[in-house]
Structures are given as C-alpha cells and as structure tokens.
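Structures incoming, each one as structure tokens.
Presented sequentially are two complexes of chain A, the first with chain B as partner and the second with chain C.
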Partner chain A sequence: MGMENILRTTASRWMEGKGNFADVVISCRIRLARNLEQHPFPNALSEIQAKQVIDEVQTAVCKAPKEMGIFQFAALEDVSPLERFVLVEKHLISPQHAENPVGRAVAIKEDQSVSIMVNEEDHLRIQCLLPGLNLENAWNEASQIDDMLEGSLDIAYGEKSGYLTACPTNVGTGLRASAMVHLPALVLTNQVSRVLGLLPQLGLAVRGLYGEGSEVMGNLFQVSNQVTLGKTEEDILANLSAVTRQIVDKEKEARQVLLQDAGEQVEDRVWRAYGLLSNARLISGQEALALLSDLRLGMDLGIVSNPVSEVFNELIVITSPAHLQFFTGREMSTTARDLERAKLIRSRLI
Partner chain B sequence: MYCDECKQRPATVHLTKIINGQKHESHLCPQCAQKDQEMGSFNPSFAIPNFLAALFNLNPQIEEKIVPAQSVICSKCGLSFEQITQTGRLGCNECYSEFADKLEPLLRRIHGGGQHVGKVPLRRGGSIRQRKEIEQLRARMQQLITREEFEQAAQIRDQIRSLEQGLGV
Partner chain C sequence: MGMENILRTTASRWMEGKGNFADVVISCRIRLARNLEQHPFPNALSEIQAKQVIDEVQTAVCKAPKEMGIFQFAALEDVSPLERFVLVEKHLISPQHAENPVGRAVAIKEDQSVSIMVNEEDHLRIQCLLPGLNLENAWNEASQIDDMLEGSLDIAYGEKSGYLTACPTNVGTGLRASAMVHLPALVLTNQVSRVLGLLPQLGLAVRGLYGEGSEVMGNLFQVSNQVTLGKTEEDILANLSAVTRQIVDKEKEARQVLLQDAGEQVEDRVWRAYGLLSNARLISGQEALALLSDLRLGMDLGIVSNPVSEVFNELIVITSPAHLQFFTGREMSTTARDLERAKLIRSRLI
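Then we have the complex of A and B:
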C-alpha cells in the first residue's frame, strides 16, 4: 500500500530545486555502508540467512521514532520488475539492487529523501538525497538513521578498520558522498575534461547519472569521494564541498563567457531546445535529456522564464523509460515510449 | 653492459628483486624494461570487481611465492583468500582479521594507508569512542600550544583529564 504511494508520487524532496548553488548542483547524496556482525556479507549469504537479515532490519526500522519520518518497507521480490526500475530512476535504489531482487529489500522514507537498501553489496546501504549542495544536512540525517538502527542491530566494526564492508573500497567510514552537477557551459566550451580531469588527484571520482558504471547524459555529472579510510566524515564532506564549489565557480565563469562571446548563439540554442521540446511528436530519452539540459541553461541564464527548475528536475525523472511505462500502465515499444515522452514534455512546457 | 633480454642494446635500467630472501638482479635496456613492467601490471578493466581482483594480484610473480600452497579459509564464512581475490568482495567481518596481512597492502593502495578516524558506533563503540575523542583533543591541544594559545590549551587539558578519569586511566 505505502510503497504504491511512493511509486505514484513523482515529486521527491531532491527535486525541489532549492538549496545552495541549485543552479549548478542538482542534488547531493550521502550513502553509508553498514553490515550486521553475526551474518556473512550478502555475497556469502544463504537465502535463509538473507531472509533473517531482512527480518532483523525490518524490526529495527519499525522502531524508528515518528519524528524520524515514516518508512515503507518492502521485499524486492514483492515489487514488480517495472516498479523496481521506477525506484532506480528515482535514485532510491541502485540498478544492481533492482536487477537481483532475491533476498533483498528496501525501506523508503515517505518524502523519498532517505532509503535503506537491504542486502545490496552490504547488509545496509543508508542513503540520503537532498536538493542543492547540502552535504552536511544529508550526512546528519543519514547518520541519525545509522544511530537509530545501531540501537538494536550489532554493526560490524573494528577499531582500526572502522565499519567493515564487503568491498575494501568502502571500509572505514563506509561513506560515499556525491554531488550531481549540471555543467553545460563547461561542456560547450570544451573545458569539462580539463576541470573534471583534476578530480582523481584530489581523491574524487566522476560518474554518470545513475552512479557506478553509468554513462553521462544531459551534461549531468556525479562527483564523489573515493577514499573512505583514514579520514573523518567531516574531512571527506569538507573536501567534496570545497571542490564542488570550485566546479560551480568554473561553470558559472564559463556561462558568463558564453553569454559575452556568443550570446546570440546561446540564446538561439536555448530557444531551439524550447521549440523542439514543446513541439516534437517523437523524442528519445537521450535527445530529451540533451535538450532539457540546453533549456535548463537558458533558465539559469534568464533567457527563458518557464519552466522552473522543479519542472526540469521532475522531467528528467518522469521521462525515463520505467516511469513512462509505469504511468501509462503498459509495456511499450521504443517508438511508443518516444511518442509518450514527447506528449508528456509538451504538456509540462505549455 | 648489454641488456639481459635482447642482448643488443645497452642496459641502462638495473632491477633488483628480493623474493623470499633470494636476490635476483637484471639489467635491461629501456625498451625491454618497459615490456617487463607491462607484464607485471594488470589489464585495465572498468568493472570494479575485476579492477579490485587485479589490485589484489598486482604483482602475480611475487605473490605466488609468498602465498603458501594450501589455501587459507576464513573460519566464519568459509571463503578462501583466492575466492575473495576473484570477486573483489570479502565474505564477512572476520575476513578482515583472518586475512589482515594480505589486506593491508591492498588497503594502502586504495586508501593511502592510515587507520579509521571517523565515526564510532554509539552503543558498541563505548570506550573506543572516548579514546578517539581524547586523541582528537590531544591533537587540538598540540595545535593550540604551537599557536601559543595556552589558556584554551589548558581548558582542553582539563577536558582530557576528566575523560581519562571516566575511562579509569
């Protein structure tokens, strides 16, 4: 019942379009990896043990005090494949979690800002997603959920190695912090590889829209920390925040340069995107994202006043394949999806 | 001196490897040294597990001689270190202590060394939490002393004392 509500509600908290540097930083995310001490990690878990882990976590989640929010809990096998991919497109679960539902579960807070994946790579993946560059708040919220769960679950922890995780790349804090940045001007001025190319030296990684292994679309990049051991959470967040602010500065500089040196071309590009999006009858996901990116640049530069950033954020999500099929209530061919996508975008822009 | 490998070009790279106390010396030209290095390194792959598996076996020739013939198995989850290197995933919390020696160089490669200095679990952390707090306060006190802010440093010293009393130190 409750999960149905979450699936039907397209607006997530991160889509609000507010927060620090919201004209460049779309959203930020904190993910904490935790494991239960008594059980082997998910990759070495039998089906019965996996069920035990799910039961223990569900009991712990149910104990959450009301002020922490209401959580909906579901075993992934009880969620249809299409619905699972709706959750992926909402960034509430990972693609890997959706692909292998057996012995896995998820708990989602009703405003969709927090989700807890159970038996993904680790027993617990606590995630908090907020709009703009707001890593401290996201960390506080995720950390509170972590404390609440630790109140009744024995978490695997060692004094030297910190939180013990299935993959040694997460051991220590178990913290992966990331910021989703929209960098159209750096891409247009051919500076993006130079700017983002520096990140590995600063201990940061760049990924695509859906995290690890996903491709970059719509000029959206995900920047995240790589090192999890030997640094405090505060240091990791401060480093990522500082570097993200630098990226924001560079993007804004590039936007001003574009306006000054090629104002007419930029204006033309934005209005063409608007024209195509509000008139096209068939549009692929990739084309839609590319045009929405141009339109968003126009919004941020004050070239177009409509739509607002909330609509942009929502459109990125609801024009994705699983959302389109979920809301029309049927499986669709690529052409049918392109038709439906174009219709949906037109209805939001006019 | 000519290169050990091609015996044509002059040797300008001199390698000394010590494996199990046995010393191997080789003298190579830059071209053959480059090839040698390529042999020892891993194939780049973007899938993280493969990438990690490669990290575990960064130098296969040497690893083989160090790892004993019979494979060690984690007493809790039953995974062997070989299985872990194949998937890039550990089997349970005990793997961290059972394979500590083998994991240590890997963690250094990934994270650049160091120990956990971050969050400590509230309920289970107990004395670890207080000890870490004392360590952090000590570091802060040292900073204040070097900046000659002695009054604040004294306050922190008192804080450390009361925490230590609580621990029964």
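Then we have the complex of A and C:
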C-alpha cells in the first residue's frame, strides 16, 4: 500500500537542506483552507456526510494529471494511531487531525511535499512544504493543487469575503504561510524574545515545532501570518518573506557576534553536543533536539563538517516518539525510546 | 639538571596502574617522620641551622648505594614556585612544603617512587608512593631509605616514645600509611558517607586528593592511619590494608549493583564522559576529574577499552594547573588553562 511507503520513507522533500537561507530557514509551508459549497463545515457533518466529502475529494484527487505527482489517499481510520502520529511528526497532518480520525482522510504526494487533509477544521486543508525560504514555489505548487481540485469540486467562495472557512480567522484567502526558522544564536544571546516579540505588530504569529499550542524545542520557531482577510495572497507572502529575511539577518548577525565575542565557548558548546550525540546511550527527545540545535549551529558556522543538513533535518523527525516506535515495530517505554533514539543518532553521526 | 628531568617526566611509578586491587586502589603511600637529634624542630630552626640540616641530609643521601636508586637533591628556593607546585601535583611534596621554600629542600628518586622532604614539619619526611595496594613493598622501600639515612644521621628516638616528631600526632612510629581509593560506585549509590564514616572508629582518617584539608575531587579519597603511637608498624599496615580491602569489596559490590540495577544509565554516563572528554574545547579541572572518574569506572567495568589506566592516572596529574602551565611554558588565565586542558585530554584519548 502506498501510505506504507510514505510512512517508511524518512526523507521528505523539505529535508533536502537546500533552498534560500537554508542555514536559518529549515522549511516553509503554504496551507490553504477550502470548503465544499454543498456540505456543512466538518464540525457539523454527520458520519455519512463526512464520508461523502471524503469520496468527492478522493475522486477529485484521482483525476490529478500525472505531472502533478502521484497521491496516496487514505481514510484516517484505516491508518493506525501510531502511523497517524508518524504523519504528524513528518508535518504532513496536524496533531488535531491525528487525534480524531473518524470521518477524516488524507492525501499525500509521494515526495511528501504536498498533503491534503480532509475534514480537519475545514473540508480541505491543502499544504505544501518545501526546504528553505521558497514561499513562492510552495504557493505555486499549492495553487496548482487548489486549481485542480476547484476544477471538479464546488468550493465555497463569497464575492466579498473570499473563501469561506470554519473559523473566521481563516476567511478570505484561506491562506496560512509559515517558515520554520532555526535561531540558536538569537536564543544564546538573549535576543530572541525581543526580535520575535515584534512580530504580532507585523501581523505575524510565532509557534513551536508542531504548530499552534506546541512547545518551542531545539530553537526551532514557526513564523506565520495571522491575517487572511483583506490582503491579497501576494501581500501575505511578501510580508512573511520580508520579515523572515530580517529574522535571518538578525540571526546571522548574532552568530557573527557569538563567534567574535565567545568563539571558544561556541566551539566548546558545538563539540560537546557532538560528543554527547555520538556517544550517549540514553537521550530524551528534548535533549536530542537541544543538542542537534547546537550541532546544527556548528555546521552552519563551519565548526563541524559532519553531519550535513539533510541528516540534521532527518534526525529531528526520526528521533520523535512515533517514528522510533514505528521503525522498531513495537510500543516502547520512555527509557526504551531514549535508548533507541541514542542508538539511531549514533548510527547517523558516525 | 636532574630535577628538571623529574619535572618533565610525567610518568611516575605509581601511575603504572598495576598492583593489587588497582581497579579501586590507585596508589598507596608510606611516609616516615624523622628528626635529627642535634637540631631544634624545623619551626624553631634559624636559617643557618636549617641550611646545616639540609647539608647533613644531602651528604647522607649522596652516600646511598646505587642499587637504592639515583636521587636528585634540590634546595626548594632553587626550584621556581611553578615547579614546586608541579611537584605537589605529582604528590612528591606537600602543599605546605611548596608554599614555604625558605630553608627547605627535597630529594627525589628518579622513578619518582621515593621523595624525602627536608625541613617540612619534621627534619625528614621520607615518602614512598607505589601503584595499587602494596603497602608492604612501600614500607620495605621506605624502611631501606630510613635505615640508610640512620646509618649516617643521628635520629631523635626515645626508648618509650619511639621516634620524636614535631607534632605529637606523629610520635612513635612516625608512620603515616595511606591508600588513594577511587569510589565512584559508592558515591553514585549514596553509600560513601556511610562506608567511610566508619573509618574514624577504626583509627583511620579520610582526606581529599592532596591530603589534609584538600577537597575530594573525581571520587578519589585518601585513607590513612590516625594513630602512630602505641602500635607497631606491622599493626598499622595490617589495619589499613584490611580496611582498604573492605572498602574495595564494598566498592566492587556497589559497581555490580549499579550494573545490574541501572546498567543502561551507567553505560550512558560512561559514554557521555568519553564523548565530552574527547570533544570539549574548554574544560575545568573539577569537571575533568569528575568525567575522568566516570570514564575510569567505565574502564574498570569493561564498558570502554580506551584509555588504559596509565593514561587515566597520568591525566589526573598532567591536567592540573601547575602542570599545564609548566608544560606550555607560560602563566595562563583560567580560560587558557581550560582550553589547554581540553586539548591535552583530547590528544590522550584519541
């Protein structure tokens, strides 16, 4: 089955470690919220109606021309709870989608750059995830999918309000654009609150590794637009791009200051992270992310040459709890996971 | 000059890492306090009298037959302050001896197993330092030196009180025997206070790495006899040997318990220490000793095969502040020492 393939393939397109400003911007994401005209919003759908929505979307997705990529489609109830959380850790579905599988589905492009959640908060959540700061490409790819689906589905759209969505914060363009930025130097120099604190005034929000309500770990921050209405898609993307580029500049300045003022301490920090990651026998997810962040800083500053950024991006994902359990094929205690995580990291770093 | 040679040779005989119970007992030491009949105790000596004592001892030491080893003799004032602290870190002279060089001297056997402090608290402090728990051999070697010196010096001895010493706690045999024990498992299992707390009742004292008043670092404890009067040398040695062997048993039991109950945690601890020691760029003396202690535990439990115990013993000494500065040939700030220490440790572990 195709979903099995996606679950087993740890390398997603966003992990390539390439793209603009890839030393600070890990990945960028476009997410479009769309709803079908003839159905109530998902929270008001009966089980039968939900199934109808899924069927309609699946039919539309199957019509996708080959050049748009091959999609795997699955009802979430056919995916085990563990596998659903593997998809969350891959950033292909939201934690909320994974937690409530009934009447929900997902379509995923084989290179894992595009996913379509069906009956999450909206009937359709089209997402495109790419490495680096490449919002325009992600937007183009998501738009193509959107156009393709709109070709066979009746999408709810109001002349004045634009795309109609379940939650008013998404009305209008229905567009959420975000960038995952790695800001170790701003954190180390205690500037991160000041820099990110300005974002709400600019219409942007800051979140943790897994989006809304999730914790910041490994100095990874998700920056996204707050407003979806009254602005064009182009304005939203231009604003996020410009602000992200400023954050990139601040982070790079802070890295240079760190190197100049505390070069020995930074080198020590990076090498200690390498020493622990390549030798520890037990390591928690939280510690792994913190040390990987230090190591990544060392890679970006040229202090260490191993690993490369693909390995870093992959390690962030595959050392997460669901991945660890999925790949060992069994449920594991916290200690067993810490043991397996340490083993996996060592195998990738040596 | 010969003292230069001793200063530059980092390998002392006690570092060999062999001998009885060498996985717990790093080294053992015999120290004999002796005084010359015709002179006041050192604290009451004039500068001229002190010089006379030094001359008399030097003459006696020079008469030593070749088979007793070659001795280097130096007035402490001819040894730089830094070099004196190198000798302290080698455990060849006491901190007190190094701090007050006026009217004091030292004779050191070339393999660094024997040293004779002149005009420390007593006119003569004869010390023999060997690897492992080999108090009898150390005692035999120290006795030979003692007999040799008594052949040409007039040693103060009372029929009833035995050897007369400056401090009454040394009167009688003038013998202080000690063993340096490495007790990481007793520390990790919180048993060390209980086990070592029993020693005063057995007439034994516990001290830190550099003897009286020094701090315990790297889980290294010095156990020595308190009483010197009213007991024969044989009793003193037998008592210390027996108690040390019990401490060895307790430590080994604790190591087995640790391996059984927390094997993964112990392995993790050992490998983390290895990872940090072989990668850190800045490391304090305190941290180095703590990590070396973890690594040594790993060696003794067969978790790591690198380094061997000679390297461990040597590292304890050569990463100390005076050694670091002596070998780089310059005075160093704390940060410079931390940098040099880290470099030295890496070079020895890789």
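Assume the second predicted complex is superposed on the first by the 350 of 350 C-alpha atoms of A that agree within 3 Å, B and C clash if a C-alpha of one lies under 4 Å from a C-alpha of the other, contacts with A are read in each partner's own complex, and residues count from 1 in each chain.
By our rule, a contact is a pair of C-beta atoms (placed from the backbone, for glycine too) under 8 Å apart; a residue touches a chain by one contact, two chains touch by 3 or more.
Because the structure is predicted, anything quoted here is derived from the model rather than measured.
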**Report entry** First (chain B), second (chain C), both or neither touched by A:95
**Finding:** neither
Requested in this report: Using the superposition on chain A described above, determine whether A:264 touches chain B (first), chain C (second), both, or neither.
Outcome: second
**Report entry** Touched partner set for A:19, first chain B, second chain C, both or neither
**Finding:** neither
Query raised in the report: What is the contact status of A:169 with respect to chain B (first) and chain C (second): first, second, both, or neither?
Result: first
Report task. Go through the superposed model and pick first if A:43 touches only chain B, second if only chain C, both, or neither. Result -> first
Query raised in the report: If you stack the two complexes on chain A, which partner ends up touching A:69: first (chain B), second (chain C), both, or neither?
Result: neither
Query raised in the report: A:321 contacts which: chain B (first), chain C (second), both, neither?
Result: neither
**Report entry** Dominant contact partner of chain A by residue count, chain C or chain B
**Finding:** B
Query raised in the report: Taking the superposition as given, does A:208 touch the first partner, chain B, the second, chain C, both, or neither?
Result: neither
Report task. Check chain A for residues that touch chain B in one structure and chain C in the other, and list them. Result -> none
Requested in this report: Could you pull out which chain A residues touch chain B in their complex?
Outcome: 35, 37, 39-41, 43-44, 121, 143, 146-147, 150-151, 154-169, 171-173, 175, 212-213, 227-233
Query - Residue ranges of chain C in contact with chain A within the complex - result: 264-265, 267-268, 271-272, 274-282, 335, 339, 342
Query raised in the report: What residues of chain B sit close enough to touch chain A in their complex?
Result: 46-48, 52, 76-79, 87-93, 96-97, 103, 106-107, 110-125, 128
